[in-house]
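One chain, chain A, links the two complexes that follow: it is found with chain B in the first and with chain C in the second.
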Partner chain A sequence: MKLTFPAFAGRIAFSALAALLGAIFALPLIWFIFAPFNARAELGITVPDPWTLSNFMTVFQNNFAMQALWNSLIQSIGGVILVGAAATLAAYALSRSSIPGKGAVTYILLLFSSVVSGSAAMVPIFLIVSAMGLIDSHLAVILTFAGGLLPTAMFILRDFIDSIPKSYEESAMVAGASPVQAFFDVALPVIRPGIVVVVVWAFVNIWGSFLIPFILLRSDKLMPASVAIYSFYSEAGTPTVTLLAAYSLIYSLPVIILYLFVSWKFGFRFFGGIKA
Partner chain B sequence: MTAEPTTPVPKPARRFALLSNRAGAVFLTPAGLLVALFVIIPFFWVIFVSFTNRTLLGRTALNPEFVGLANYFALFDPSNFFQRGQFGFSLILTTQFVLASALIGQALLGLLLAWLIQTVPPWIKRLTETFVIAAWILPEVVIGFAWFAFLDRDQGTLNAMLTSVGLPRGDFLLQQPFWVIVVFNTWRGAAFSMMLFNSAFSSIPPSYFQAADVAGASSWQKFKDIALPLIRGHVVTDLILITMWTFNTFTPFLLTNGGPSYRTELLSIYNYRVAFRDFEFGKGAAVGVIIMLVNLAFALIYLTIGRKKRV
Partner chain C sequence: MASVEFRHVTKTFGSFNAVSDVSFAIGDGEFVCLLGPSGCGKTTSLRMIAGLETPSHGQVLIGGDDVTNLHPKDRQISMVFQDYALYPHMNLADNIAYPLKVRGEPVQKRHGRAREVADVLKIGHLMDRLPSQISGGQQQRTSLARALVYPSRVYLFDEPLSNLDAKLRLEARGFLNHLQRDMGMTAVYVTHDQAEAMALATRIAVMDQGRIVQYAPPIEIYRRPATTFVANFVGNPPMNLVPVEATHGDGQLQLKADGLTLSPLPMSSGIAAALANSKSLTLGIRPEHLAIAEPGTGNAISGTLFANENMGPESLVTIERPDASRLTARIFTDDHIALTDAVTLGFSPEHIHLFDSTGARIPADREQPL
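Here is the complex of A and B:
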């Protein structure tokens, strides 16, 4: 199709505007492309001369920073296992059993989970965790996230299981499998992509979170990386910029990799629909 | 977890269900316990605590007294309601923040971005999307630090750009903290609206636009007369969701700490300060109850609309 001149000019204007907006979004992030590789990085943007990995060595030698990354990993993986397992079982039950009030359960869960946000419920969550004697422990963070993320995780998985034909398990049961066998041997392998989505989503949520560990943990040796980074730059005095730049990049990597993995495997639609 | 039933495996249900009620109940138990403990009980407990004078330390930490509505009267005390650092100030600030950064900022910018990337060359589309989405998926602490560096008075990128075109430097975190968090939150969250509107636009049959092209319609006319009416439902969904998220966000704390002198103290940050810096759990719980009431109103609207759509 031939373009008339105004249409052509319009296209160029659109492209220029889109590129400009993209550039504006990129501006605060460009710093992270250069500073981690610059041994003399400051808060301004300078191209490293020479490019070096020495900032990363500083991070690897900083025990507090490494411990915090490890803590993030423990809390995220612990939370993810709980969310994944409990949500799969529950979603399967909601999809495949005829327990009375299934519809109401889902509705009420969705309602509660959007009403009880971290900002609104920080006081009672702190009180419940301290009543359980769990303040300042990994378990406190793991359980709190598991509870908070489960409603949405169940909802996603139930939708997913609903879309799988029941005939899979039915044929297994005709062949003599018990319902529990049908679940573990037939349904579970088919549901796996759905579980992967939920697990990745839960991991990214816990890994990046700040408020819950910030209020539930006190000792330095349990702090996840999010709280560690915050304490690095918010405390009085000049932040150690070189360390922070490299550390932030390392800390962001799992999220970036998982995002790329999900968008490659499933298309990135799912990230759009859901956020805790 | 030993949820594996030790009783004989339940027989296939006679009614047409793959999982018997008993097995179903067992399957639901772990999730039920966790959700009850960390979602449902907090909902009721926060209401209960808001009627007490519970504190973190001291005598009332162990034996809180029932104080009726005293915490709520303290929040709505007309003598200092509008003062900085008080509840009323924070409530109004949060409302302005939601209006400016979510309803105007994120929604309009998301709509514009989604419309633009429909027509631009693929490489520009991919590049723009990448940065917009990066702003949304990177961990909030990293984003907080990125903006801290970006806005730095002496070396920050923004001031470097301003001086290079001959404009004066500014210490924006001190001078315009409210507008900083508005821009910050718009930047952080526009990706969601963009993606939602993008998928809404691509669900419109291309023949509608081709017909309009033949008739010589401009992009603005196509947007206003074809696209917008067709995605009205998505717009409502988007507005409700981003309002709820922005209303509950704690992320600006990572940039401003609620300061300087309470000028960016959103309700979530106010709640944190009252409960965990001033140690007044009763009063903090009352703030939590009010936040939950607002959430409840939005969630009910959202679920009602969602249900109607499904039926």
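Here is the complex of A and C:
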């Protein structure tokens, strides 16, 4: 079919606009790939000449920055385990039991969750954590994140578990399994894709968060990478672009690896059960 | 194997009475079908035997023991679910052997036993597959195998054949019948398909609105339906029901309805009792007892041709009466009959059923043998 001239022009314009938008999003990523390997990297995009690992060597010698990556890992994994385990059990209970008003409970939790981990609640959170004597500890960060992420995680998982027929556990119990056995043998493996989604989501959230660890932690040896990135800024606040780029790349690797691993091993799914 | 008994069992969900004061007993080795339309309480009743629901009032007994508040795992029962409930992450061997795993049997032994049962059900060659990799019929047999893999006191079936296509359903029905003859198992089988209930049951409990309307062997349900509800639910197609006005005198009963000619019937004490309440009765006649007749013949009912469905060995001829109600006849297609617009269906008086104004069957003074 031949296009009329206005339709043709419209398509050209649309393609041009899409290409422009794509470029705007792609440019930082291209910079992000080139700059770490360029000893003289600046904010403009230049192909490294020669390619070098010298930026990385310098970053690796920065003990504070390296320790920070380890701290990020502790806080993220700690938070993920807590969120994953608690959300699974809570969501399972909310989905399967007949507690009156459980729908309201979930929605109220969800409403407050965006407040809890947001900046608005920073002062009360600080006061609570301080009163608990947990200021300047990994546990403070882990608990705060768990509290903030749990409601949303529960909400996602409850929807997921709702979509899984109850008859799985029922058939296990009729066959002789206790409720606990039925949960671990039958329900948990079926829920697993949902848990994986929540775990990845929680990990990315904690790994990338700046404000909470920045406020709850004091000592350098506990700071996560999101905070440590500022050690690549000079006293005057200008970034050392070369080192910043190299560190950023290292910083984003665990998240990329996690995505690749999860999609290879489990695949991302938002439903359960066998199709009828 | 064991008996099952309901004693005044009531189950309410909020303000809804799913099961209302139901009592019945299932003997050891009986195959009982709970039959009724959706929402009649049959599945809830089954789930109370399984322990998946707890009665609001009353008692459930298995083998004479009160199991009302016993957890499903302690009831020593098996159940086949409507959606099969096969564990998607386990292969067939593990699925079938799961009840044995829970009982602590070693892997070798439980897989051996699973294989034996699977071979009987002709799915032995699929043991390494996942449930998602086999057909619906095979999934159904897998769930049956899982129920048969360990000795149970009662076997429960929750519409196990309703997700199969027509041909597979007949095949599976025949197999279940064979299994029952072979094992003499105590079974409770929930279905809304009256043909399934007739084919499988030693007794049928017809349920409506949370109550048992009739609990009797299939042949009695068919020949002496207790109410118009049962008459209209059982049979394919169900019994034709015609409202009639009754008059009597000289020990004879005369029934009148548009298009109906019926010679006077002998009175009985049952009819007299019914007429004392109301002169409006319901006349029931099964489609297989109607035949095409010449207009003006003795016992007949007439109307205009509404539909003529050829089923192969028989035709379902439906006529419409002046009040827009319809009657269906099963006519053997071997007898070639040219149908005209006006159709008269004849019948013999011994095949008619009478129901009183409340819908209850009026018993004959001397019932014919079943």
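The criterion applied here is as follows: the second predicted complex is superposed on the first by the 236 of 276 C-alpha atoms of A that agree within 3 Å, B and C clash if a C-alpha of one lies under 4 Å from a C-alpha of the other, contacts with A are read in each partner's own complex, and residues count from 1 in each chain.
Operating definition for what follows: a contact is a pair of C-beta atoms (placed from the backbone, for glycine too) under 8 Å apart; a residue touches a chain by one contact, two chains touch by 3 or more.
All values reported here derive from a predicted model rather than from experimental measurement.
When the shared chain is aligned, no partner comes close enough to touch A:Val47: not chain B, not chain C. Which of chain B and chain C touches more residues of chain A is settled by the count: it is B. Applying the stated contact rule after C-alpha superposition, one finds that A:Ala104 touches neither chain B nor chain C.
Shared-chain residue A:Met173: touches chain B and chain C both. Across the two superposed structures, the residue set of chain A contacted by chain B and also by chain C is 170, 173, 178, 181, 275. Of all the residues in chain A, the ones that touch chain C in their complex are 165, 167-168, 170-178, 181, 185-186, 189-190, 273-276. Across the interface of their complex, chain B is touched by residues 10-11, 14-15, 17-19, 21-23, 25-32, 35, 42-45, 82, 85-87, 89-90, 92-94, 96-99, 107, 109-128, 143-144, 146-148, 150-151, 154, 166, 169-170, 173, 178-183, 204, 207-211, 215, 225-227, 229-230, 233-234, 241, 244, 248, 251-252, 255-256, 259, 268-269, 271-272, 275 of chain A.
Residues 50-52, 71-73, 75-79, 81-83, 85-89, 98-99, 101-103, 131-132, 143, 146, 150, 156, 163 of chain C are the ones that touch chain A when the two sit in their complex. Within the complex formed with chain A, the chain B residues making contact are 1, 3, 5, 9-10, 12-13, 15-21, 23-25, 27-28, 30-32, 34-35, 37-43, 45-46, 49, 54, 109, 112-113, 116-117, 119-121, 124-125, 127-135, 137-150, 152, 154-158, 160, 187, 190-192, 195-196, 199, 218-219, 244-245, 248-251, 254, 257, 267-268, 271-272, 275-276, 281, 284-285, 288-289, 291-292, 295-296, 298-300, 302-303.
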